[in-house]
Amino acid sequence: MSTIVQTLTEFVADIVDDSRVAIPPDYSGVAMAATRALILRGARGLRLVAVPQAGFQADILIGAGCVASIETAGINLGEYGLAPRYTDAIQRGELRVIDATCPAVHAGLQAAEKGIPFMPLRGILGSDLLRVRPDWRVIDNPYGDHDPIVLIPAIRPDIALFHAACADRDGNVWVGVRRELMTMAHAAARSFVTVESVSDRNLLEDPALAAGTIPGLYIDRVCVAPGGMRPLPFGDDAGDAAALSTYARGAASPEGYAQWLAGWLA
Amino acid sequence: MSTIVQTLTEFVADIVDDSRVAIPPDYSGVAMAATRALILRGARGLRLVAVPQAGFQADILIGAGCVASIETAGINLGEYGLAPRYTDAIQRGELRVIDATCPAVHAGLQAAEKGIPFMPLRGILGSDLLRVRPDWRVIDNPYGDHDPIVLIPAIRPDIALFHAACADRDGNVWVGVRRELMTMAHAAARSFVTVESVSDRNLLEDPALAAGTIPGLYIDRVCVAPGGMRPLPFGDDAGDAAALSTYARGAASPEGYAQWLAGWLA
Amino acid sequence: MARRLARMSAYTDEELMAVTMARLLADSQHVAVGALSPLPATAALLARARRPGLRVTILGSRHHNPFTDGGRELFDCAAQGRIDTFFLSGAQIDGQANINLVGTGDYAKPTKRFPGSFGSAYLYSLVKTVILFKPEHTPRVLVPRVEFVSAAGVSPPHEYRPGGPRHLVTGRALFDFAQGRFTLKSVHPGQTVEDIVRETGFDFDRGAVGATPPPSGDELALLRGVVRREVADTYPRFAAKAFGV
Amino acid sequence: MARRLARMSAYTDEELMAVTMARLLADSQHVAVGALSPLPATAALLARARRPGLRVTILGSRHHNPFTDGGRELFDCAAQGRIDTFFLSGAQIDGQANINLVGTGDYAKPTKRFPGSFGSAYLYSLVKTVILFKPEHTPRVLVPRVEFVSAAGVSPPHEYRPGGPRHLVTGRALFDFAQGRFTLKSVHPGQTVEDIVRETGFDFDRGAVGATPPPSGDELALLRGVVRREVADTYPRFAAKAFGV
């Protein structure tokens, strides 16, 4: 059952160390306020799954030492450039990167959503990704004739962690067109969602809103965190470009990152 | 590109004989007015794919001699009982039934949507469906150990045919929570949609409506047909129970059906 | 079926079956009911009326259907292990709990053609507890061997099968199913064990056979009040005739 | 890159590349642009400004992104054959059109780590026409052999591959790609064929090498008007510096 918790501290308490945590890309619904709470609680060993690519959130968590591995199709800070803490952690051998390609992450989550062990996927053949991803198998398409096809195993995160506009008292969560959040929630064992607000009206009763709503059936924790995606843009909030820029510049060095982090956590 | 056509006669003209046509179940968005137009134009040899089960629409089309085959997980008239024209056509050897199970139809369409040749699916093992569906293969799960799993080949309809509440001038179509209509549209080569009305406002510009909207990218023909799902219920319209009951009683015999049909087409 | 039997009971046959099925839901957190299943819907809504924490999903209902990912979501959800109990029936059911929803005689030229397997071939394997229900309890439907296996009652040990049939509720009795065999648990009021043996086309085990408790006053009050109203929302024709007054 | 070159051209390097890429879209009905691709977005929006029937999908844009089925829809749509043209780049690109977006040196301990392959491994095979773009045209990036194949330029004949690379637009030249080889088609203003040979780390064919036509007055007017405004919607930082005045 969905539980609405009162504080972010409570909210992140059950995102235990070593959890496999699925996170959305910067343009979707990133739980930044919860990320801060995770760092404050000293989370360690998180195995991130970026759906399908990562940005500020992952870079910040990596810099803070919370992350053991990240499965991702890519990572950068968008118009703000490369992800400096990620690059640094790799070069220091402190981060395991599980390289993917965007549709493979989506397919792996869809396989988990459907309760099947794998999903076939076209393309990818000839890529060195097949060399570094032995879990991606190539079989002969049973419906073809000498037709190799890649299989992607199911990705079953322990937790899907994201931010959304609105929840209701039954734990239904409105995500609108950001359906990758719904797939994440279906695929993950549990879903933790921060929201701008909680509605007293059941979201599923409104036919327009229902179409973009994840049923409470899949949602385990909800916490109200207004502006919980800041400084990233969200909905009509254009985000805080200056803050993002400050991060990108600061995080270029370990010292700059430490200083930025101290300020963020203060 | 999406074309908004003015008459149902024009609308059905391109649903040529022998087309493989995907149709939704009675509780979704059935294009009944277009069905009438199809019969008026004398359609023949349609290969229906029921997503995932069929009802009044299929029974009516079968009775009118429009259907060569139907792939379906089942067919009945809901609370109004068995599908009489279907049963009769089978017993006269005039209809090819391709027996399925609901999730296999969905999986086959998802495979087409993803452009992959097949989708694995759990369950089904031990069912005689595997005997009558040689196209459903059983392989040893490459990620398991002596773990047989069923494969469902992609279902790629020529046409997805359905009814929806609203379209806009760009051919975007709002279906709300009836996402099987979206999967049908993604999977089919072309989609033909009747709607209650056409909005002058772009549906994708409204964040609430966008979540339940099929982009015009997938829609080929739109035709305004208010009440186009009658006598089935649709949205706030409870449907015409008396008319459905009249059909179920009449269609019990070939003569009764012929009389009912003459009245419907008149 | 709704007509009172000669015994002039204070409840309908549907009410007795619904109550018997509802009592099997005690360990369930999420019960789902397929399309065109008014009796299971009644049972699930009764269980929920007694235990509000129970999650009940009824396909075809506007108020008890939380799904927002299209027709596939019920099936995906089942494969994820998020549904504890589902209900299935069969035009034929045999002693290995195989069910037939397709037809009799030769498949290509059936003597009798039924509507089709719907989701059974899949859900029967994946939902932890499947409750079979069949108002008609005669050798015509409870057969030694179904003529088409829509969904298999048992699977070889190596096959992935987290779920399967656990109970069978008919108009005469309640059976449990385990290790590939039905066991008669209780006979409904007015029935004897001998009646059951005579009317059942397959062999079954008998342990300590009890009497199915009739609906209690509380259960009847709920059934005829809130449950009937909720059922009518999806199944108006059923609700109009299945409940006593 | 945005600074005017010494030749004092009347347009920026970005404008020239965008115009050159836009001209390659004449046969396309649906052009899609990935995330973080301002130059391809500019090219696609320019092509659309000249041919309003052209469908342009820009990931990350609020106005040019029609998708409503989550992050996977672009990829599903590509596999369905509904996208005619896509753009990709590479930290390294080699003469077989292999691209590297992962890193250099040993994979386990890279000397240089790039952001990752994103959708390239998939889209490169499935979208009919892929246009490669790379502002930097030096032997450092145009290499004989990439150190990691994010996506392969060519495939064995039996592999399912409806699409692949067809063109490469750099800051110096335009190449076509066919039968596993690049062919130099035209050099940009201020460049000679010898410059291209010297600055290209891989071997390529030469037919009748032309001169890349500079942006026309019409093209520049569109670029600096409607296109710049549309690009700024998704890429404000790029739009602020990439266009001339």
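Per-chain numbering from 1; labels A, B, C and D assigned in written order.
Here is the rule we use: contacts are C-beta pairs under 8 Å (C-beta built on N, C-alpha and C of every residue); 3 or more make two chains touch, one makes a residue touch a chain.
On a predicted model such as this, the values are computed, not experimentally measured, just so you know.
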Determine the set of chains touching subunit A that also touch subunit C. B
Subunit D and subunit B - chains in contact with each: A
Among all other chains, pick the one whose mean CA position is farthest from the mean CA position of subunit B. D
Using mean C-alpha positions as chain centres, tell me how far subunit B is from subunit C in Å, no decimals. 28
Between subunit A and subunit B, what is the gap in Å from one C-alpha centre to the other? 36
Report, in whole Å, the distance between the mean C-alpha point of subunit C and the mean C-alpha point of subunit D. 60
Residue numbers of subunit D (touch at least two other chains): 67-69, 72, 76, 79, 126
Counting only residues that touch at least 2 other chains, which ones in subunit B make the list? 107, 110, 114-116, 121-122, 144, 147, 149, 177, 179, 182, 210-212
Taking the top-of-page definition of touch, could you list the pairs of chains it picks out? A-B, A-C, A-D, B-C, B-D
Can you tell me which positions in subunit A touch subunit B when the two form their complex? 107, 110, 114-122, 137, 139, 141-144, 147, 149, 151, 153, 175-177, 179, 207-212, 235
Going by the contact rule set out above, which residues of subunit A touch subunit C in the complex? 1, 112-116, 172, 182, 186, 204, 210-218
Which subunit B residues qualify as touching subunit C in the complex? 25, 27-28, 51-53, 72-76, 78-79, 82-83, 87, 90-91, 93, 99-104, 106-107, 110, 121-129, 132, 144, 146-149, 177-183
Please output the residues of subunit C touching subunit A within their complex, sorted ascending. 30, 53, 55, 66-69, 72, 75-82, 126
Which subunit C residues qualify as touching subunit B in the complex? 35-36, 60, 67-72, 75-76, 79, 101-102, 107, 109-110, 113, 115-126, 148-152, 154-155, 158-161, 235-238
